[in-house]
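Look at the two complexes coming up: chain A is in both, with chain B in one and chain C in the other.
So, the complex of A and B:
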């Protein structure tokens, strides 16, 4: 058993070792300061933070609905929300394009009415990364809500607190740690997204080119830049996951 | 537990041996712009040579180069443009001669009916249109930029797609008003084409070669020879390629 477990650890360690072995340590500083990298970092940060905010605004109420309200079709809605976790991201991106693109099912009427075009803009990036990362927040919060002792909420309500006050002063603090873990996980997933972004928002340095996209394009001609950016992404992801420890696994 | 592992591993070994003996596979890495023509070449070759199985590995030429440089077991490599093949050759990974089997011009692609009324390369610096190009790092993008340079136009694309097929899909869907793709893509896709004048036109020579360490060298040679027969040439021309 131990041997197999060690093999598993090595399996996960190898790509990291490969990356570190090829890193051009001498030029790393100047590579990380180049236009391509800085532009990509800014777009990735803006989009991933926006994804967390959007996910919180929409995901927390959704999680509350799934955890607290028994309605017909709840299983279907839950399945729908978890779909982006299972769907290949590029399929998600293509589907978003057919729905929200300029000639999309919803995108075309939107364009005719407001002139708003979502692809090829930072909004496209935000929508694409939110689509793939919000499910993380919804699951985490739903699980947390299901584990909350509802008697506390009942007690607060019986003492005269309104629904919103109960949520704000009783429920939210109780799911606090899980909520935070959910935010961090959502953010980490959003910053790593590639397929949905390139399919829906496109790839333009300074507008829609995120860190993963910059890696992919750099891989074609400038391996050193690709490695430098990959290191940033690995560092971010590892920090997040180690920082969370078991918080997102155990309840 | 140990018995289970032995049985599983043995089954996998037997299964993989079986497939290698039954059919002679030929691993062909080909650039994305060769997707349709190589699909037809695959069918025609397998019909003419029963017992062979051509396995196509399609992608951006540079990605395919990376795979070969990393030691992927490829028999035949066909790239879009000479530069990438020359890089593989310089790494000592090509076997024997490299031959140019086709030429591909670039062409402007627009959604059917040309809704934005695109006229030529000069429309590519307009901000009111949604325009796409291939990323500068791939051959299709390099050729487009070359033509723009000669024509004296400074393009302002809204996206630089990592491969030409995703660019084509977005033009077909009407999400982009125009893009620069290959003449073969215009034929393959549901788009209309606008020819680029020959004085600013760029084209790509498509080379094909065998790879060192190829698992099936005879198969590789046979497939390449087939590409240069009358049947092979007919298939190439039918997809919009020009003869070298």
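So, the complex of A and C:
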């Protein structure tokens, strides 16, 4: 048992060691300053932050609906939210293309009416990334809402608070820590998104190429750049882990 | 009539049904007294507007709050009912002052005037020093006062107290009960106290509704319920004999009669409690150690299944409980002269 457990630990540790061993530390500065890296970093940051904002705007109300309102079809909606978690991201991206692409079910009338083309633009990246990462926020916030004692909301209502005031001044602050954890999870998932983005938004440097896409491309042509970008992503992952350590690492 | 008039039938999602009539005049306190599962919290939810009724109406100061036949249902936030919730439910992320100011803020007061109004209430209840504390750092007694201030601050039309003392330990309870009595007295509107504790109901309410299985099984003053319980549950509730008296060195003077208690530290105004089963009944003067022994006449005998309640006459009107067998063996009937004996340790003493 113990030996197998140690093998498992080594299995998790090895890739990290490999990455660090191959890192060209001396050139790291210039590698990170290259156009490919900077472009990808900017696009990744813009898209992931936008995904968090969109998720907050749409995902929190959805979580509230799922946790607080008993409606027919609730199980169906919950399943729909979970779908992007289990669906291969590249399939999600392809499905987005068929729906919102220039020839898509909604994309085509949208293009004819406004001239807007979503795929292969930064909007495409944002949509793909949000599609894949929002479920993390919805399930975290829904679980937190189910944990809040609803009697507090009743108490607030008895003190004259409208539904919105109850939510803003009582419910939200009470789920604060979970909300924050949900944002971080969503953001981390958004930063690492690959499949849906490449299918829906393509891989155009300076327009839609995110950090993971840049890693994929440079693995073929320029290994040192791939390593440099990978290090950025490892650093981000570690930061998230440390940020959420109370939630996951301590028991 | 002004005050609360509720004739209601409500059904919980679980199918449990509650069917009661409650009337509370302004300036009076009604206690809804019943065991767990009697439907007391359903009444709280109905009055607070968290559960709509099926039939009947809820009217507060001639304003209809809920009436299915008129298709009227006022939502909780527009009801003006001040509730002290079971376990208080103070908002844990707010300070004491913010908790108390919450209601005024919702009425549209500016932050300054809400804070000023809340501070006034903290002052009134003697808890100004707590203003800046987080609500979940408070002791039970403090939390109770903050909950009271929070409920009263927006000037509600009805004050509703849901098991306000169940979260407190026994020593705090005596002190808090006195404060609660003052707060109830100071509130001019109708007051409703929900409780499972007969002492609380007897001491704080003008009128007691005994609730069992979703229905009111008896209604009356504390005295009526204590001396003439109509159901075996009410008889149990009425359980404790309560006497007000003056204590000094283990002796309690009650209406000119002297009771010996094992508690020699209590002094001044006290409340003595005595369980009916702690009273022994004899036909001859008993031998032995009991400190309290006297002769009296039985004024009433009531049978409740496997037990019998006896009421004794002067010098101290008490209720005693014995088995039907004992009644037969002792050949007891109304008017029989008996000797009662009570051990000093059986007499509970609370200052108050």
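Following the convention adopted for this analysis, the second predicted complex is superposed on the first by the 241 of 251 C-alpha atoms of A that agree within 3 Å, B and C clash if a C-alpha of one lies under 4 Å from a C-alpha of the other, contacts with A are read in each partner's own complex, and residues count from 1 in each chain.
Following the convention adopted for this analysis, a contact is a pair of C-beta atoms (placed from the backbone, for glycine too) under 8 Å apart; a residue touches a chain by one contact, two chains touch by 3 or more.
No experiment lies behind these values; they were computed from the predicted model shown.
Colleague: Between chain B (first) and chain C (second), which, if any, makes contact with A:117: first, second, both or neither?
Modeller: So A:117 only meets chain B here.
Colleague: For A:208 in the superposed arrangement: first (chain B), second (chain C), both or neither?
Modeller: first
Colleague: Using the superposition described at the top, determine whether chain B or chain C touches more residues of chain A.
Modeller: Of the two chains, more chain A residues are contacted by B.
Colleague: Mind sorting out which residues of chain A both chain B and chain C touch, each in its own complex?
Modeller: none
Colleague: Hey, which residues of chain C end up touching chain A in the complex?
Modeller: Residues in contact with chain A: 45, 48-50, 75-83, 85, 89, 91-94, 102-103, 106-107, 150, 154.
Colleague: Over in the complex, which chain A residues touch chain C? Could you list them?
Modeller: Answer in residue numbers: 149, 151-152, 154-162, 165, 169-170, 173-174, 176.
Colleague: Spell out the residues on chain B that touch chain A in their complex, using ranges where they run on.
Modeller: 60, 62-63, 66, 130, 132, 135, 137-138, 157-162, 166, 170, 173-175
Colleague: Under the stated contact criterion, what part of chain A meets chain B in this complex?
Modeller: 97-98, 101-103, 117, 119-120, 198-199, 202-205, 207-208, 213, 216-222
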